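Below, each structure is written out as structure tokens.
Each of the next two complexes has chain A plus one other chain: chain B in the first, chain C in the second.
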Partner chain A sequence: MTEEYSIFGLVVLLIVLALAITRLTSLLAVAILAGAMSFILATVYTLLDAVDVAFTEAVVGAGISLALMLAAISLTTRREEPWRRRSAERILALLVSLASGAGLLYATLDMPLLGDPASPANLHVAARYIAESPASTGVPNMVTAILASYRGFDTLGEVAVIFTAGIGVIALLRHWRKGEA
Partner chain B sequence: MNEFILVRVVVKIMVPFILLFALYVQMHGDYGPGGGFQAGVIFATGIIVYTIVFGIRRAVEAVPMSAVMAMVCCGLILYAGTGFATMALGGEYLNYSVLDSADPVHGQHAGIIIIELGVGITVAGVLTAVFLVFAERRARR
Partner chain C sequence: MNPVDFVIGHALQWGSVALLMIGLYIVMTRGNLIKKVAGLNIFQGGVFLFYISLSNVRDGTAPIVHEDAVLYTNPLPHVLILTAIVVAVATTSLALALIVRIRESYSSIEEDEMAKADLD
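After this line comes the complex of A and B, so read on.
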């Protein structure tokens, strides 16, 4: 029960941080608060026993995103330009966000309850993974065993995607000197 | 940002530990949370933080662009090559069990460690390379 209350408290904190980010004009503060949001999200995932997801969230959201944001801020400016939308635009923006938020909430009604043993994700191959993966791969972390062995093709494809994106950016942006590899 | 001595000293002390932690996450992906992807991201973060504080010139002295390019390619080659190695040993593509003819479970474990290493090398290389090519363009202006 304490877990549920902790998660509820953390989600409230997330909303407060999100509202604070919309009000701030100091980009440095916005970047740091966005990193803090990632850390809180990582804590929520840990409370839900998804430690690998939590670790990824902390590393990507609070780690490299924050470092890249700080780099961008140190190269550009620390303050957001003050500007005002006309009130018609603001009302339109509010309506769009309320509509999309309501749509997402409506979609959650179709989702299975958290940890429901009868949900489709838990009925198909999950039971086999839990029963067999430690014995057949020798790896205690089932997430690693599934990603690297059972779904080795998927992970190979993911690495190929990262590789392709990387060489695309390098080919576009790198200043190539003559005679340099 | 290199005019603040506090930032310089703290980053100089922290960066080796960030890189070491990345290697720990890489090697313990089979027992603890994380794995190649997370390790690669942490490793790249360490290099990026170093670049922000000490500048692109000193960063490419420590991590030459050619080495980063080699990492981008070698990780994927290591991963895909493991698949061909298992085929050469008589198994299916990426069936690690054949890597150890005596003990298939040990073969699986070894295969997972090898391909996680491939993931980590490519992810670290790509993230570092993307940051460095952006920073280089800025330094040239």
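After this line comes the complex of A and C, so read on.
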């Protein structure tokens, strides 16, 4: 039960950081707080026994994402102009997000509690993966076994997405470098 | 049901909903494009957290074969979110590259100044 309480505290911390990001106008501080949020997320994933996801979040979310944000800030600007939105627009946005949040909260009341072994998500194919994947693939880490073997095409699609994004970034920024020279 | 158990058992789901709301609000109200991308990342973090919270099994261990393990957590949501995290970074990098180019053309990354420059 202590794990659940530490998760509760970390989630509160995540919400406080997210609220701080809405208020801050220094983009440098926004990027650093976003990196801190990624590290806290990685801690929560570790507490939830999702060690592979925690690794990826710490390396990719807190590392690469933060580096990209800092690079973009150094190429553009460090300060956000104070918003000049009309207050009616802001209230409308607040109402829209509160309404969607209220709908989602209402839906969670029927959800199984954290760690319920009989929840629908844990009953369907998961049992088969846990029972058979070590023997049929020879990989002791089930996440790796599913990622590379059972869902290999999924991972191939992921690589295609990264490749496309990489080409996009090169195409966008190469032209800019030439123009500057 | 004991109300404390109810709150603690739903805390992660409510926390992810709160992150979704905050992210959505940032995307809708902030004119600065980098701030919008940060809001989008908060939104994505909420979705990932929700997904991983579904995979947890009480008293389970990480899904790596071990002789003393009795119960493993559900590895399938972990796989899906691993893919999603990497794709999220790919889209973030593309968005930031676009923002750098926008800054070159408009010499601003604020929405209202871009709209003004388009009108002139």
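By our rule, the second predicted complex is superposed on the first by the 157 of 181 C-alpha atoms of A that agree within 3 Å, B and C clash if a C-alpha of one lies under 4 Å from a C-alpha of the other, contacts with A are read in each partner's own complex, and residues count from 1 in each chain.
In the analysis below, a contact is a pair of C-beta atoms (placed from the backbone, for glycine too) under 8 Å apart; a residue touches a chain by one contact, two chains touch by 3 or more.
Small disclaimer: the values here were computed from a predicted structure and weren't measured.
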Partner chain in contact with A:Leu114 - chain B first, chain C second, else both or neither: second
Which superposed partner A:Ala93 touches (first chain B, second chain C, both, neither): second
Broader residue contact with chain A after superposition on the shared chain, chain B or chain C: C
Partner chain in contact with A:Ala71 - chain B first, chain C second, else both or neither: both
Touching partner for A:Ser149 - first (chain B), second (chain C), both, neither: first
Partner chain(s) touched by A:Leu173 [first = chain B, second = chain C, both, neither]: both
First (chain B), second (chain C), both or neither touched by A:Ala160: first
Touching partner for A:Tyr5 - first (chain B), second (chain C), both, neither: second
Chain B/chain C common contact set on chain A: 51-52, 56, 60, 64, 68, 71, 75, 140-141, 143, 147, 155, 162, 165-166, 169, 173
Residue ranges of chain C touching chain A (in the complex, touch as defined): 5-6, 8-15, 17-26, 28-32, 34-35, 37-39, 41-42, 45, 48-49, 52-65, 71-79, 81-83, 85-94, 96-101, 103-104, 109-110, 112-113
Chain A to chain B touching residues, read off their complex: 51-52, 54-56, 59-60, 63-64, 67-68, 70-71, 74-75, 135-141, 143-145, 147-149, 152-153, 155-156, 159-160, 162-163, 165-167, 169-170, 173-175, 181
Residues on chain A engaged by chain C in the complex (per definition of touch): 1, 4-5, 7-8, 11-12, 14-15, 18-19, 21-22, 27, 30-31, 34, 37-38, 41, 44-45, 48-53, 56-57, 60-61, 64-65, 68-69, 71-73, 75-77, 80-81, 83-85, 89-90, 93-94, 96-98, 100-101, 104-105, 108-109, 111, 113-117, 119, 121-122, 125-126, 129-130, 133-134, 140-143, 146-147, 151, 154-155, 158, 161-162, 164-166, 168-169, 172-173, 176, 179
Chain B residues touching chain A - in the complex, by the definition given at the top: 1, 25, 29-35, 37-38, 41-42, 44-45, 48-49, 51-52, 66, 69, 72-73, 75-76, 79-80, 83, 93-94, 96, 105-106, 108-109, 111-112, 115-116, 118-119, 122-123, 125-127, 129-131, 133-138, 140
